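The chains carry the letters A, B, C and D, assigned in the order they are written, with residues numbered from 1 in each.
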Amino acid sequence: MAEFEPKIVAFVCNWCTYAGADLTGTSRIKYASNVRIIRFPCTGRIDYMLLLKAFDEGADGIIVSGCHPNDCHYTSGNFHARRRWIMFRSLCDFTGIDTERIKFSWVSAAEGAKWAEIVNTTVASIRELGPYTDYKKVAKYPEKEVIHG
Amino acid sequence: MNIDKRLVRKDSLEKLFDILKRNSKTIYAPFTKNGKSTFRDTESFGAISTGYIQTTESAKDIAFPRTEKLLDFSKSKEGMSVKGTDLNDIPDVILWGVRPCDASGIGELSSIFNWDYKDEIYINRLSKVTVFGFSCSKSDEYCFCTSVGGNPGNTAGSDILFTLLGEEGDYLAEIITEKGLAVVDLAQNLFEKTDISGKEKFLAELPVKFSHEDIRLKLDKFFESKEWIEQSLRCLGCGACAYVCPTCACFDIQDEAHGKKGSRVRCWDSCGFSHFTVHTSGYNPRNVQSARWRQRIMHKFSYMPERLSVYGCTGCGRCSRACPVDMNILEHLISIQEVTV
Amino acid sequence: MMDNLYMPYLMRIERITYEAPGVKTFMLKFVNEADQDKFSYKAGQFGEYSVYGVGESTFCIASSPTRKGYIECTFRQTGKVTNALSGCEEGSIIGFRGPYGNVFPLDKWKGKNLLFIAGGIALPPMRCVIWNALDMRDNFKDVTIIYGARTVKDLVYKEELKDWELRKDVKLITTVDPGGESPDWKGEIGFVPTIVEKAAPSSKDTIAIVCGPPVMIKYTFPVLAKLGFADENIYTTLENRMKCGFGKCGRCNVGNVYVCKDGPVFTLAQLKELPDEY
Amino acid sequence: MVDLIKRAKELLESSAVKVVIGYEQGTGNKTRALFVEKTEDADKLIFDSRCIQNLAAYVTKKEVKEKGKMAIAATLPVMRSIIQLASEFQVNDNNLLVLGITPESNLIEFANLVEVETFVHQYQIEIDARNKEMLDKLAKMTSAERWKFWVDELAPCFKCYACRAACPMCYCSRCTVDFNQPQWIPVPSTELGNLEWHIMRAMHLTGRCIDCDACYNACPLSIPINLLTKRMLVDAKEHFGNYQPSLKGDNLMSTYKPDDKENFIQ
């Protein structure tokens, strides 16, 4: 059997992390290719439902990243996001969603190397954890024929 | 066919369960979780709940599942392929422990799914079900089957109806249909010949509380009544009543897809939801809760009798028990009967 | 084995016509010829159109049953499914099941004048019966079409309107709401009920078919009554929300009448018997 | 409750309010909401320990609001809900009068919502012992065990939305689940969809839920969904300090502090 290749979805803000990831590329720093990047105007826009949907659609891990505190292009978007992440993460923990599979980080436009490192460590740790079968089993619908209670 | 009466010893029920299991029947029986009972695929006789007046959920799930695939589709380079639900996959099911009001509700549900257009998914599911009804020896303040044409020992809808003969007694088994007979054939020695008659004295006593014919006639001129507004003021517009009801059949059709593959599914819906009838334009013909409550009662006691010749209510009282704000259908029907137009 | 009621025909989009902002017409052909052979419908019926993975949406068949080999539908992009339909290209495969509902009683109307009154996106449900009538033109006396939209841009079937205008056997009156006219607009300016009143078609031996937004219908009925139309001679189609199309899902009923089975075509006389829930 | 009946009659007679929302005897041992519009109906008002439905759910209901100024018999959880609703501009002194019922079952009338707030702030929101025990039990489980617990508990949910209907904070005229563009949560009841719905519900109530248990009491299947909001309450307290609904409107999730602490962002 082929080695497990984790599918990672990264939700990043346009102004810092996306630019940072860009820098990673232009600096020719090599990093794992398991990540699909989705760009948002701001971390404040990253709805927690999107994270659940990513798992639903088969992601094994998620990266959420944006500007460092005080660096938000819109002044406070990342502060709001941070509160939301704190609560969402604890709700995930409470419902048994594997919080090890969701990495949060601050990566600025100048931190190309940090981005590469975040991706590489995330891929490595998800590779260790294996595919997110617990979630996929429950999301198996619509393959299942009838859902009784 | 004539109803054949047999005696089933108290301890034979478990043997019957095991025999059916050995004949690879799926058995849906009442199962209690968090103090609420629903019908579940049950592996052991010991897991079956007993002593309930009525299960929290009805057994309609068995022929009309809350979520059910209608068809599968997949897109590929070759084009689109669509495949209907494979009806051969539907297992043979014994529905165990259904109360007579629930069993008779199957008939009402069927009248909807057979109205003109025959819904073969429903029909096929139902055709695989053998219903073991259990008569009621107890009732509570929510029960009113006798007011809508039923009774605690009603055989309608059951393939075999079991009646407990006294607290610690044996069961009288009435074999009502060919399907019931087929079960007897699997366990001949458990169904003993008997000449017992008169199960009535073992049944719950339930006086008639209103006349459903009177209600129907009353409703003909009741559409504009203020009573609907008064009754529905405390209704919060959830779907609990519809979802526990044995005869509510309203549904929604939705597509669920992942990537290039998916299914079209049918799922329960409720006329009590405020968005049930909203047009795409935003216009809502039933834009207040009183109109939605009226629809619920009118549908069951006026529209269904007129269009399908059956009443959409079996008097099981589930909706009243499940209602978070104590909308008691029996009480409301009585007040409809009493109010002067 | 019985047919799965919910199984749509696979339809290929043969041609897409841009009608008005957000409004498109699809010409649909059956992917499987066998389906085409067993399929038949009459003017006034509707169907469930679906984009796989998105869902189903209800609208009428806008083409005339006299035109064989295809069906057409016209829709405005408003909800989830119509948005997805709008994103389809020529050659795409969509689903269609139907036909459902009752029909316009064209046979009963033979020998009479026909007056079609439509507003905005409600011309499509009437287009099937207009073309049906025109394709058997000898059976009817005068045919009048009064059609209005908010603006000139919003008028649908622009090519066909030209066609009808040129025909000697059709009297076409088009109108746009005040302020909706373009510099070269030659039609009427005013709301549909006003224009109907102005045109004052004779009610003698005439069937009126009215279709449009609720407010247009509300104000057109009294005008027709004033012109002497009997309630039995005024027809319209209702468009309640539906899911199944055949009387099971429990949404579309108005009192004990199911729009999907007993409708969508009703006479005003029938509507007046119904409770106000449409 | 003689005081309440007397006061309700006075308020209706003087037209100070158009409707008094309270409790009446229901079926069997149940109590239920009563809307008193005529003074003679005020005699049906009751109050005792069975009156646990959160009546604040009605003050945002269109059909009730349309009647005019409301008075509401409000226990502590109801008063808390009302303060939260006021902070979200759903009620105000012009359309609502609070007839408070103290934890000692005494009637206490407030001139305005500021007084209600002051009263409410005397009491902390405390999670009851039974649920605390349940939360502790869950906390001790492994992540995988908790996952199994919730998938099993939520599987029976048939999405009747009684939890949403009974919750005073779920007053949106169009809930996220009623939208289909995008369709965040599948309409049918499915294992994952049910979980998503309840996660979303808990998130939307974070910092707003006042722990009245209306959702759990309304659930026809008695699914312990209130544990989700309870855990959010506990965690919010831990991260952001003590939480009380407040007229200032600084809702937990719509505000922030530059020095909010966390330990998981790299």
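Note that contacts are C-beta pairs under 8 Å (C-beta built on N, C-alpha and C of every residue); 3 or more make two chains touch, one makes a residue touch a chain.
Note that the coordinates shown come from a computational prediction; the quantities given were computed from them, not determined experimentally.
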Where are there more C-beta contacts: C-D or B-D? B-D
Per-chain C-alpha mean nearest global C-alpha mean belongs to chain B
What whole-Å value do you get for the distance between chain A and chain C if each is reduced to the mean of its CA atoms? 49
Using mean CA coordinates as chain centres, what's the chain B-chain D distance in Å? 32
Counting only Cα atoms for the centres, state how far chain A is from chain B in Å. 45
At which residue positions does chain A touch at least two other chains? 56, 141, 147, 149
Where chain B touches two or more other chains simultaneously, the residues are 38, 57, 66-67, 85, 252, 254, 256-257, 262, 265
Do you know which chain C residues sit against two or more other chains? 55, 79
Inside the complex, what are the residues of chain C that reach chain D? 55, 79-80, 83
Can you list the chain D residues touching chain C in their complex? 180-181, 183
Could you list, by residue number, the parts of chain D that touch chain B in their complex? 26-28, 30-35, 53, 57-58, 61-64, 153, 156, 158-162, 164-166, 173-174, 178, 186-190, 217-224
Tell me, which parts of chain B touch chain D in their complex? 33-36, 38, 56-57, 66-67, 140-142, 229, 232-234, 236-240, 242-244, 252, 254, 256, 265, 267-268, 270, 273-275, 288-290, 320, 322-326, 328, 331
For the chain C and chain B complex, residues of the former touching the latter: 1-8, 10, 31, 50, 52-56, 78-79, 82, 93, 95, 214, 239-241, 243-244, 246-251, 253-256, 258, 261, 275, 277-278
